[in-house]
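Below, chain A partners chain B and then partners chain C, in two separate complexes.
Coming up: the complex of A and B.
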């Protein structure tokens, strides 16, 4: 009897989430016992939670519309990078700062967000149309489309005709630098906005508010008529079609929304990081986002906002707490990146194996 | 097929040819454009492409069997590569060198690859329909476990004390230099030795077939058996005696064969084969058999003639081929061909076409898929060993990372798709993909004056080819489904 109950409980929570949660708790407790500064690591976890939140949220619409986790979120990411670079190129922050002191960084960030949102919406629609042609193989196709988009943009970054001194290489004079500082535009803007300390823990209010705000917007969107139609198209296409919903159109809308969230997500991420990293930096991001939402308890066909928030927190917590603990226990080793690789891909594999196959 | 083609006008034929081979043609054009832009030395390009061909083809040939069994492109060959790399640690530790070292690597990596392949196959059975993405993620996952093993468990958990392997107390060295132990261990085997070895293998094979036939009372053709024995013996004797004849020894007794000599040898071989066919069958003019003889003869003449053209001859003279490596490639291809015609191969094909039909025909679908994955993983492990003995150095943690990507991209460039891949496509694909790999950076340097961009171009091509090819195939499949519904 109890065995059944335990099994049921495990099924309800999901095995990977349980394992990752226990592992996370074990690491936090080990850290506390070994006099590691838990508070400051907790602060960074909160910060990174904010930085990744919207990127992980981008997985939600694509899962809901029936496409599955969007490994190709990098399409949105490169749009976000382009928007940010253009905001720097056009000197938005200094120009607005001259007219309205204090609003320069905000103007710069919103310029980047709006520009890249429009751009990524268009890209997302084209991408959605492609994915409608490849029904059944979306995950494989999204992965490779995402990768090739990043390398295509690498070629573009390498020779893009930017001429702002902050973007181009200091000596060569052509092409985008490896990492562009956002100090003069909107670096750390949200991190510091309304931030306060509770004891030793710093709460980055701005960035957490941003995540909650966008999550709230997505939540409301999926309560709207279009949102419900998207969910219906994803969970039962045949039934949706019978009730007069244009399934293909809904899928395009879902993936376009996902791409836009990817673009906004990378802007929020970059402001928290203080730098913009072009070139191959976004390669791994797709997989991290997919793993995060899956750790949060989503499957390849079902996801909620709570999955996003819990998953992002657990994943980032794990990544931030593992290095000091492994360093402390194994004197001078950093096993954390290896652990990350195993956990991240293990969780994705587990989710794939749980999905019912094609036949 | 031929009849319908014959009725078409030349314009239609060209159109069909173009639409059937558009991926290949696109890459041919791209390669030519890149060569023209870069003004590269053709001898250099040919040498590079042949050396990459010897290095990579075995890995690409490992993709064909799972494709036949309906598993798509097996990105899981990365785990086979990992098995090969683990076996090298032992060999370096024990200090084996040369051919014995290589054979020991093969012996050590095979059971490991079988185990990995079995696990991979079980995973693929749980992820039917998304094997490719599962294989890709599995590659990353396995690379993580392998990293844990090489950097922390070896020397950390498992006490280990060998300066050849460890360089800072625990965790393996970052890179292994195989010079002096495995480097060129297969490449350096001479043509004559290769011939003797192949002859012996052939003799053993015919003997086994003959004895097997006799034991089970199937019809045995004693005359054919004797002929086969003589043919095998001739090859073995040629290999041994050739070393004593100065002319043959200088041409074929060295560790590489010059392409010009190989071309002449091939031409002579084709001509002899054509004559033998003609004498044996005496086909009437105009019959398919006669056309076959004619085809071989013409091919031989073309090879002779190209070798006579000074420019081409210069290129031929500059390329040096490893005999045994090419023999191994031929063995891989022959194995793939042979397997198709066995009962197991037929089962795989049925499973690949339709799983429910296969089940109702009494085929154990899951088991067949696992066997296909196991074979692919073992071939990939051997392929990675061939790759590493040619490269001569390997990056302990990351060497396997791009194995799946480059192999899959290469076979797709050759015109393969997710459901059908052949040896021919693998060979063409490797040549085209690696030609572009060699010339694209040169062209980029010429165009923008910086070779750093070439890495991005290469990766964009690799991923782009896979993306386009998968999308094209999936959309075709989706279209069919929609029509059926």
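Coming up: the complex of A and C.
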């Protein structure tokens, strides 16, 4: 009887989530026992939760519309980078700051968000049409698209005719430098907004609010007429067709929304980081997003907002707490990145192996 | 000699999980005779042949009862290999050929002729060299026997379907010692001239003393080519007949013949006004390209207020008709509906104009198994008619309160047994799932309701409820209904008229009390008009 209950509880939570959660707790406890500064690492976890939240959220529409986790979120990411660079290039922050003091960074961020949202929506539509041509092997194709997008943009970054001194290489010439500082535009804007301390833990209110706000919008969108049509198209395409829904169109909408969230996500990420990193820096971001939502309990065919929030927190918590603990226990080694790779790819592998029908 | 049987199966019984599919069937075949095995879908023909061929599906589900004698000796066929050793060959409905191999390689597959080589003397027989000339020669002999004019070195890939069928036959007759061949609906995939050739080939094979069991629905072919036949119905043995002593009408009657039990109680009153003038839906020259259920040019008129049944055997195209109207499969032809015309190439056009459809594929097309009952019931009405929505300027939100209320009403009205409107539809029993599908259709307040196989896979009690519900909607709300079903019995208990479809074409429209023979003939493709 109790055995059944335990099994049911494990089924409800999901075994991988349970293991990751236990592992996370073990690491936090080990950290506390070994006098590691848990509070400051917890602050970091909150900050990174906010930075990654929207990027992970980008997985939701693509899973819901039936395409599965969007490894190609990099397509949205490069749109976000482009929007940000243009905001810097056009000196939005200083210009607005001159007219409305205090609003410069906000204007700059919203300019970047709106511009890259429009851009990524268009790119997302084309991307969706491509994915409609390769039904059945979406996950492979999204992975390749993700890689191609990054490398294609490497050429663009290298030759783009920016002339703002903050963007081009310090020695002059053309092309974007490796990391562009966001100090003069919108760096740390949301992190510091309404931020406060609870004892030693810093709560980055702004960024968490941003994640919750965008999650709220996505939640409401999936309760609209179009939203439930997208969900139905993903969950049972023939059913959707029998209700007169153009399944391909819904898939395009889902993946376009995913791409837009990727673009907004990278802008929020960069402001939390204080820098924009071009070239191959975002290469692995798609994998981290996929791993996060899967840790959160999503499958390749079903996902919820809660999966996004829980998954992002657990994944980031692991990534942040593991290095100090492992460095402490295995002094002299640097096993943290290896650990990260094993967890990230192991979780993706596990989830793909679990792909199965039934409820 | 005349009465000596090559195959004698007696008192064969078979249960699948407590469900009796064969209830004491006899089958006797003489050498060199063409014997037809006839019956509707689900009569037990395939099961009987699986037993004869020793298929694993039989033995993994508890074996069977009864005895089999082959060539006068009792035999125990425990696997297909044994059946082949005895000299039983089977020409399958789906071709078991390797497309990338030549005709000769396919014919000789598994029985290749080989020569010793140096390698094989060291490493054994598996490294012997193929004796291609000898294989080609054997194949030629087999091909000549059946009169197929293809080269033995031709590739099977890309051949017309009819040719592949003949290659299969060539493979079977190439086996030495073959005494009995089973043809499982071989003409279903062939064109008319190919089918004629196949029948000729069967005669040739039989004249060599090989017995043939011919499984088919087509009475014409049976009359034309067979010597005798066994008729099955619902897993029971009906009769063994000599073909020369019988008629097509008699065969049809034997296949269908069962009493029409009233599945629906007579409604107290019937004050519907149905007139031949008031046509609600008209199909003209209607084609649908639905795999396995092709419709090949149908003209049909539906009167307002009636229940029209569409019947016929599986795979003949009756299911294609509603799927074509709804635009789910490529369709062409004219559809006139209530003063408008419907474009079958435009998905959702029929839905927008007031036709609701309950699909035959309940779990595949009919339901979102991982969504709640309320979501399932209201989904189509929300998408097509914008019901259960709250509007905020250009934005919409599903009105979950209204959705739940409506779902609760439906659950009560249709007596859907569930834990509540939030339960996943995938967790319901078949009958209750069907009611959810019906509830979704009713929610649209359709002018015309099309239900396809509404009672497939649900128990008898639920069947009765579903049929009564349809009758009630028709009588009380005046809803016009098209009901597509393989269960002729159901159609006859509920419908005003029944259209029979065979090979994608209409073969007749009958009154529910028309004779079994009329239905049987129409279902096996003999066009004789009809009287309703």
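Criterion: the second predicted complex is superposed on the first by the 346 of 359 C-alpha atoms of A that agree within 3 Å, B and C clash if a C-alpha of one lies under 4 Å from a C-alpha of the other, contacts with A are read in each partner's own complex, and residues count from 1 in each chain.
Everything that follows uses one rule, which is that a residue touches a chain if its C-beta (ideal position, glycine included) is under 8 Å from a C-beta of that chain, and two chains touch if they have at least 3 such contacts.
Everything numeric here is computed off the predicted structure, so don't read it as measured data.
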- Message: Per the contact definition in the header, classify A:353: touching chain B only (first), chain C only (second), both, or neither.
- Response: first
- Determine, under the contact definition given at the top, whether A:220 touches first (chain B), second (chain C), both, or neither. second
- A:229 contacts which: chain B (first), chain C (second), both, neither? second
- Message: Taking the superposition on A as described, I'd like to know which of chain B and chain C A:244 touches: first, second, both or neither.
- Response: second
- Message: Per the contact definition in the header, classify A:302: touching chain B only (first), chain C only (second), both, or neither.
- Response: second
- Query: Is it chain B or chain C that touches the larger share of residues in chain A?
  - Reply: B
- Which partner does A:155 contact after superposing on A: first (chain B), second (chain C), both, neither? first
- Query: Do any residues of chain A touch both chain B and chain C, and if so, which are they?
  - Reply: 358-359
- Message: Help me check something: in the complex, which residues belonging to chain A touch chain C?
- Response: 220, 223-226, 228-229, 231-232, 235-236, 238-239, 241-246, 302, 358-359
- Task: Within their complex, state which residues of chain A touch chain B.
- Result: 71, 130, 133-137, 139-141, 143-145, 147-148, 151-152, 154-155, 158-159, 279, 287, 330, 333, 335, 338-339, 341-342, 344-346, 348-349, 352-353, 355, 357-359
- Message: Could you list, by residue number, the parts of chain B that touch chain A in their complex?
- Response: 123, 126-130, 132-134, 136-138, 140-141, 143-145, 147-148, 151-152, 156, 355-356, 448, 450, 452-453, 456-457, 459-460, 463-464, 466-467, 470-471, 473-475, 477-479, 481
- Message: Taking the touch rule as given, give the residues of chain C at its contact with chain A in the complex, in rising order.
- Response: 326, 328, 347-349, 351-352, 357, 359, 361, 364-371, 375, 379-380, 382-384, 386, 389, 395-398, 400, 424, 426-427
